[in-house]
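Here the chain labels run A, B and C in written order, and each chain numbers its own residues starting at 1.
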């Protein structure tokens, strides 16, 4: 099984140096790309089917094509790698950043060339200190080797790259909020339109991509769109870094063909449930996705199939709910997280999320009422996609709405027994 | 134009707007919080949700925010769809989870936008049963009160304060449901426009602190449409009264003048009307002290003086209405009537009137000024001499950079996206003043220099634009600067030149006209605005050709024996000793004024004049716009409009019918045809809306029967108002009155100032019936105006002498507002400002005490440095008691106090 | 007399928080941004790195350096949870309380820390040794529960491992 993203990662706490990376064929894609036309690169990435691996699943090539690169269009342009991985349950980008930073850097440079950007940033979350060290060293190596700066590899293309380390807040993972954070402002999101490809960083055309998405780009250029499409199991293209956390035997991270089944991930790779625990449910793509149940275990873990099953692939890192963990408590933990991380700009998120968190807390400590379920249900409609300023609140509603659907009986137990049955 | 469908009804609407302003303009009731007609859309509060359909067949649609939804041809939306209603109600419920529901003790109650929107959506049941988040409040100064628990986080306050008004010390802190709106630390809000927070805030977070001292519910206030008298811009206001005291001043919307806003001097400077220093009864000097006399005795006394004495001279006032000034002129005769200002000021204002009159270049209204895209200010600290103009200029500075947003197809109502694309850049903006000014922070280039140098710069710019003018740059600095300024003005679409009379420099006034004329001759759509000293500077100077110095020469044993002074404290305007001597010559000094002052103390007969709140009249602003102001109540004492006293004094003894405002105006325009326009400024007193007068009080006004029950149980008859179509009751026409007669804003379901929407043809635009006021001067196509070619005399300054210039303070330089307690707190202590290089040379440090002679007396003042004065110059704050009566500019020597 | 007044003035000048080293570091960052105000977050990070927390005076001095108002600086500083606007101890413990750590028992870890250090969230131990704060998902969920102390990640935690870990932070 091909594992282009992770096959060279050493797993000993060190990352590939530039020389080591070049030995694996690193930067050959860049050299090839610099001889292509930018539009060709964008088309290749489009044809490969690569979808945004940050959770949104939007076609990366399509996103790049929205930047106007003709001569008299606005400059400078920016490309930014979103390394602000803070989705609860997600830990895949960390692995790539700590293991093979040059792979990401090469992807950024190719992407920059495709959209004719001359400035790039890696927006890294504070907590990933090792990754910060890895990127600092690697960016310098790339400059020294002439892969960054002026006249890259003699092509005439210039690119500056800066590492920006954030100072917290989950909201920064949202691309427009990230732009505001880079501009030194409060990380509130922006309304779209205008899209970042028209008015992004400092009002200039900007593309923001996830670390895993960009890390795929050198391989797509080297091996072609068809190759990438064939890597996946169900035709959406490429591999995926899948993860599992919770009470499974082997929590971990694996690069697998995009589209393997949930069952395969859970049982073959994560080893199934830990001894003494039974499977109750799973959030397939991080904290802001809908629960899936046992009946969904054969669903293919790709974007379309998971959506059809009523959830989202998101980051592809599953959080497993076992039978000895209270589903109400789990949702309470999530809603408290989202309420805390709300930026405070729009009413439903700012006022609605704390209310849901308080209700869930009341249910957990035994003072919940039947009315509370109606109010929770109401909030899942109140904060539906499009009703709020950005996707944080609708994401927060995904675990809640699915828990109300699938674990209603558990909620009702809390109300009728005036306590949490799992915690007494 | 675009054809859209709202709940299946077709409408033809402006295709460039968003659906919220469109719906509101159509009279449909859609709730909102964060949108504001002056600040446009950000889409934060989510209150204005509507359903948008893909096409006519789509039955499901999706929820969108009306304020962020562009009008498009064939757009189908629904306001009434149940899902939209449910969402909007739920949104109010969400806001109510933390709102303290303290309406009974909240100042906003009764004119609260949150109340109105809550009722509009129908939310009335609380399901939330947990704790509410609370905040600590901050002391923000004497004007604005802070009560953060009521905040609904609409972000309007910071958007107004920072983005619209350029303020720096109010901001939003923290995050999630803990966001806090306030200062970084407690303290007085620095922006001159902070008072607008009380109208912009939809709840009771920011409220009027002066109103709080004598709080009254909106429905219990008697109101009147009025005009602010605190500077020459003539912003429209609403005065509100109860129990005989003025409670507050609110902004009155005039789409041509001040729009939605006011400056803090205008909003909070009214309290002097309630001062205990008010003159409330006529008085006569008897044996060295004043004794109160009845009004009929006073009138008899003065009529006797007029009839027996040889000559009586009259001193008018730039603070007083046209009607009052005119009747005094009628009383004493035109050759005995003097404009109540010194010659240097009066002559300059006359020049400005001439320039406006010859109409070569348009003088835009305050609102129109916002549309100009390049600005050059000569010799004016606009933030302090005409604050609301500074606010308008901050908007003008956004026009050129906004073109970037337009190029990106961002609609101009999409506020956040526009500002993101613009990145804080400001357009071509040049400030040439005598010292640092607040508008420097948006200036492309500043030039701090002496008045004569500023005039040189102006003429150099004019000379660059019109090469036929033989103006040569005085030095290389001026040459270089003038080239960049002229280039910017020529490149602009609409260049605007601002100057004024503040530095008492004729060359500056001329230079500004020269630049504007030169631009016009080059085919540019140029504008020219002059800032004048007071509310009726134009009006008073149009009625007289002689000034205070001329009057002072009249004082002598064989000259006039009596003098009548209208609303004017001469000690504020002319040298103290000269003024004292002047007044001593007269056998009879009759003063007609509102507050005790040195002039009234040196008079022989005093009549109580009505302030703007107790008088009707017409004033002409700096743009040449005549506007009418109306009194808000009939005082129980003898205070009345000055012109009313004068009609009694000019009336024959046989004629017992009182003369009313319309008749005074009639005789005014007959005598002075140039002022014909003032007749049509407002409807006459005979105007009726369907047989009814316009009530000054809202329908729910309460307590009329009980208010004076302690004195007399019978309900008193409401006072009659023969001078206007307004009545002193709550009974009368319920609806939208003519704009010049609008005393308050209300519409069913809209109790807050947001009701203004209902009074406008299109939200944010012109009022139904037209924006009030009539311009006297319009641009004339065939104007033959000449350039001012005289090159001023060379400036010379003796070694060791300082040129003292006036420094203007929004709080302090206006005589009346400075006597209002809240404003008085902000008035600076007297000081003298020096330029840094000369101070350093003389060994004078910040805070050192220096001695100089003012008004013939030695004065000791602390030194202020670092305000950017040019070499050789010093500055004194104008209008403080210590600097009253000083004619600027003047030369002086200084010495460090104690050094002999 | 003039000279005496001048020296008196120097003695009365308040001690600045930002050292010249801080200022040089911050000014170096300016070149990365088209406007000074964009360096706001970098400036706050540098101050915190060198002073452990950002005081009111530091906010005012940074404002002067960046030609912004103190309110604008603090508006940004108070938004981000990793800018400390109150003093913290020599070692900041960040306890992850997100969902995977919760499932794997972070509450026991937190309880142990609270009991051992005798402080709650937001508090600092005597002699300024440790400050205890919560943090959201640290991105190491397959090794939950996890905490960070300063820049160090500690994961696969059990209560018995904690005391030894704490010991290494003097």
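Basically, contacts are C-beta pairs under 8 Å (C-beta built on N, C-alpha and C of every residue); 3 or more make two chains touch, one makes a residue touch a chain.
The structure displayed is predicted, hence computed values, not measured ones.
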Distance-maximising chain from subunit B - centres being C-alpha averages: A
A-B or B-C, whichever has more C-beta pairs in contact: A-B
Cα-centroid distance, subunit A relative to subunit C, in whole angstrom: 27
Centre distance in Å when subunit A and subunit B are each reduced to the mean of their C-alpha atoms: 54
Distance between chain centroids, defined by C-alpha means - subunit B, subunit C (Å): 47
Shared-contact residues (touching 2 or more other chains) in subunit C: 34-35, 37, 75, 79
Multi-chain contact residues (two or more partners), subunit A: 169, 186, 202, 340-341, 343
Where subunit B touches two or more other chains, by residue: 172, 174-175, 423
Subunit C partner contacts - residues on subunit B that touch it in the complex: 168-175, 183-185, 423-424, 843, 845
Contact set on subunit A toward subunit B in their complex: 74, 169, 186, 190-191, 193-194, 198-199, 202-203, 339-348, 350-352, 354-355, 358, 362, 371, 375, 378, 382, 384, 386-389
Contacting residues of subunit C [partner subunit A, same complex]: 32-35, 37-42, 44-45, 75-76, 79-83, 94, 97-100, 102-104, 135-144, 148, 151-153
For the subunit C and subunit B complex, residues of the former touching the latter: 2, 5, 34-35, 37, 56, 59, 68-75, 78-79
Subunit B to subunit A touching residues, read off their complex: 42-47, 49, 62-64, 68, 87, 90-91, 94-95, 97-98, 127-128, 130, 152-153, 155, 172, 174-179, 404-405, 408-410, 414, 416-417, 420-423
